[in-house]
Amino acid sequence: MKFGIIVSAGPYTHQASDTAYQFSKAVLERGHEILRIFFYHDGVNNGTRLTTPPQDDRHITNRWSELAAKHELDLVVCVAAAQRRGIVDVGEAKRHGKDANNIAPGFRISGLGQLIEVGIQADRVITFGD
Amino acid sequence: MKFGIIVSAGPYTHQASDTAYQFSKAVLERGHEILRIFFYHDGVNNGTRLTTPPQDDRHITNRWSELAAKHELDLVVCVAAAQRRGIVDVGEAKRHGKDANNIAPGFRISGLGQLIEVGIQADRVITFGD
Amino acid sequence: MCINRRAPYGTIYALEGLEVVLMGAAFEQDISVVYLDDGVYQLKKGQDTTDSSIKNFSPTYRALASYGVEKLYVETESMEDRGLSEHDLIVPVKMISGAELTELMEQQDVILNY
Amino acid sequence: MCINRRAPYGTIYALEGLEVVLMGAAFEQDISVVYLDDGVYQLKKGQDTTDSSIKNFSPTYRALASYGVEKLYVETESMEDRGLSEHDLIVPVKMISGAELTELMEQQDVILNY
Amino acid sequence: MLHTVNKSPYEKGSLDTCLRLAKQGSTILLIEDAVYAAITGSSLESKIRQASKQYEFCVLGPDLKARGLDEAKLIDSIRVVDYGGFVDLAVSHDRVQSWL
Amino acid sequence: MLHTVNKSPYEKGSLDTCLRLAKQGSTILLIEDAVYAAITGSSLESKIRQASKQYEFCVLGPDLKARGLDEAKLIDSIRVVDYGGFVDLAVSHDRVQSWL
């Protein structure tokens, strides 16, 4: 079965991104497919590589990056939501004259169309958020 | 009268940082003093220079930076909260081996002691958050 | 179907939820939009953000029809709790009861929530 | 005084609120900590996050006394609503009524809220 | 003491907790989504009218206006303030308690 | 339909809205801070018992355990699932509705 997963809360602040991660892992362990994980609202803050959580705590962003690398997942950060919150890749930095970018490995920035598309293509869409 | 102001919600997502800004401006217009504005929890996300909100909307970070420049305000981003959320200055980037920083002009990263201190020194402490 | 349950301005969900509806319309999806709980306040007439300098996005609701989004539903019970009537709303909507909304939700392919 | 009104793990306020209390103690402030509404759940015995891989910070409450933080107050009404009693809590606390809490709040210099 | 409430009373319990714990004679300022509590004709009106015998209620005008709420429909005992008035309230009370 | 609720029923109205609108026979999965609704001895117990005549309630075990809630104190009609069980529920119902 094909899943689309929406993450709409930021890391650490709300448990939603933890639940989304555990759910995603379980989806893959059950042999199902994840078409895309779409980060919207404050969920875009999952996609910054600049976090340094305490050593005895989980590293939420790295955990996503590793899961994506292992299973070739498509992690999409919504561009409109990202612009408001300061999540930037090389292209966005150039376009808006920013002197730095902060996107984490395995994440890409794209439009809301990617959310609509997964809504059309997935058998199940599930939202984790605040 | 001396105010300490705490901002504990991120920009755009919650109105709290808007209210904190309007309140801060009014404090200064009334001739009172702001000892420090302390950004805690998701409030640290007010301090990234990488945001590009839509042109017809307010630019929350720039607004803070300008208010701070005009009135020599002390805008402090809590270091522990910032590490979890990926707000980084030059020193933090070096310390944690990050290849970029994203702190906005007028903001500085410091410890929770700065919050305790303002609690001791201010006549009034007020929190804006989620 | 997009279900809106939050008031405008206090949080960004109303605005970013509207952006999803517009994008769905651009993809020529047949979208139903439901306003429920505090979400009904999104459609309140007379919003004026000049004194709070937040962007007033309420005129966009009036533009939804021109984007082909015509199925706007508002739950009667949420309106009554808040002392609101259809005359308070910025756009024409279909008022439905909670029981009707329950059935409508059962007919959807995908439900998005804010 | 720090007022804690949120449950642990669902949001970060419990953990980051605890960090403020520890820092206040390091500055030798005379800190009262109040657990109210869902905040009382922070002190629930038996927290075990091994299956959710979130950091379990509940042992830190037991360390508060060694940092000189000894004024822990829990509101009786919040406990009763949730079917909790003092035996369910990980540390000794002073149980106070809402009316007593009202008076206690009036005596504080600064109140921080999470 | 000045109490501020910023959450919708329909969505969250913050206003209820404030009403349970604020000392008689305190001032309660409704801001952001809490301004919806200030309007007549809702299911909350009688609760607020009852509470206004014990507390002085104020409401932030810019937040009312943003949400399209008419001052003419305010519960009559509630006073409207702007951001400057909010500051004055914070100054004239010896402490501020924010119920988030 | 599978309904998920992730907010504390003491703090927010999400569970109430879910109970008002979920079709009879639906499954309601309590996760994150909503797991507090599943415990006996609270002021909510009778409401949940009443609702469990119409709905199948499940609760996410790892979230119970994190919060120190004893499975022995669960309202008896509520079934505990792990993350794999959560996925199975999403698969076996034709849609998922998240009440945030």
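Lettered A, B, C, D, E and F in written order, each chain numbered from 1.
FYI, a residue touches a chain if its C-beta (ideal position, glycine included) is under 8 Å from a C-beta of that chain, and two chains touch if they have at least 3 such contacts.
Only a predicted model underlies this, so the values are computations on that prediction, with no experimental measurement involved.
Note on connectivity: the fewest chain-to-chain touch steps from subunit D to subunit E number 1. Shared contact partners of subunit A and subunit F are C, D.
At the subunit A-subunit B interface, residue numbers used by both copies make up over half of all numbers present, so the two copies contact each other through mostly the same positions. Chain centres were defined as the mean of their Cα atoms; on that basis the chain farthest from subunit B turns out to be F. Taking each chain's centre as the mean of its C-alpha atoms, subunit C lies 27 Å from subunit F. Each chain gets one centre point, the mean of its Cα atoms, and the points for subunit A and subunit B are 26 Å apart.
For the pair subunit A and subunit D, the distance between mean C-alpha positions equals 33 Å.
The set of subunit A residues touching two or more other chains comprises 8, 12-13, 15, 22, 41, 54, 84, 125, 127, 129.
Across the assembly, subunit C contributes 9-12, 37, 52, 54, 109-111, 113-114 as residues in contact with two or more other chains. Multi-chain contact residues of subunit F, defined as those touching 2 or more other chains: 6, 10-11, 13, 32-33, 62-63, 82, 95-96, 98, 100. Chains touching one another form the pairs A-B, A-C, A-D, A-F, B-C, B-D, B-E, C-E, C-F, D-E, D-F, E-F.
For subunit A in complex with subunit B, the touching residues are 10-13, 41-42, 45, 48-54, 61, 83-88, 92-93, 96, 98, 100-102.
On the subunit F side of its complex with subunit A, the touching residues are 4, 6, 31-33, 60, 62-63, 82-84, 86-88, 90-91, 95-96, 98, 100.
Within the complex formed with subunit E, the subunit D residues making contact are 3, 5, 36-37, 77, 98, 101-103, 105-106, 108-111, 113-114.
Residues 6, 8, 40-41, 80-81, 84, 111-113, 115-117, 119-120, 122, 125, 127, 129 of subunit B are the ones touching subunit D in the complex.
Those residues of subunit D that touch subunit B in the shared complex are 12-13, 16, 19-20, 23-24, 26-27, 29, 109-114.
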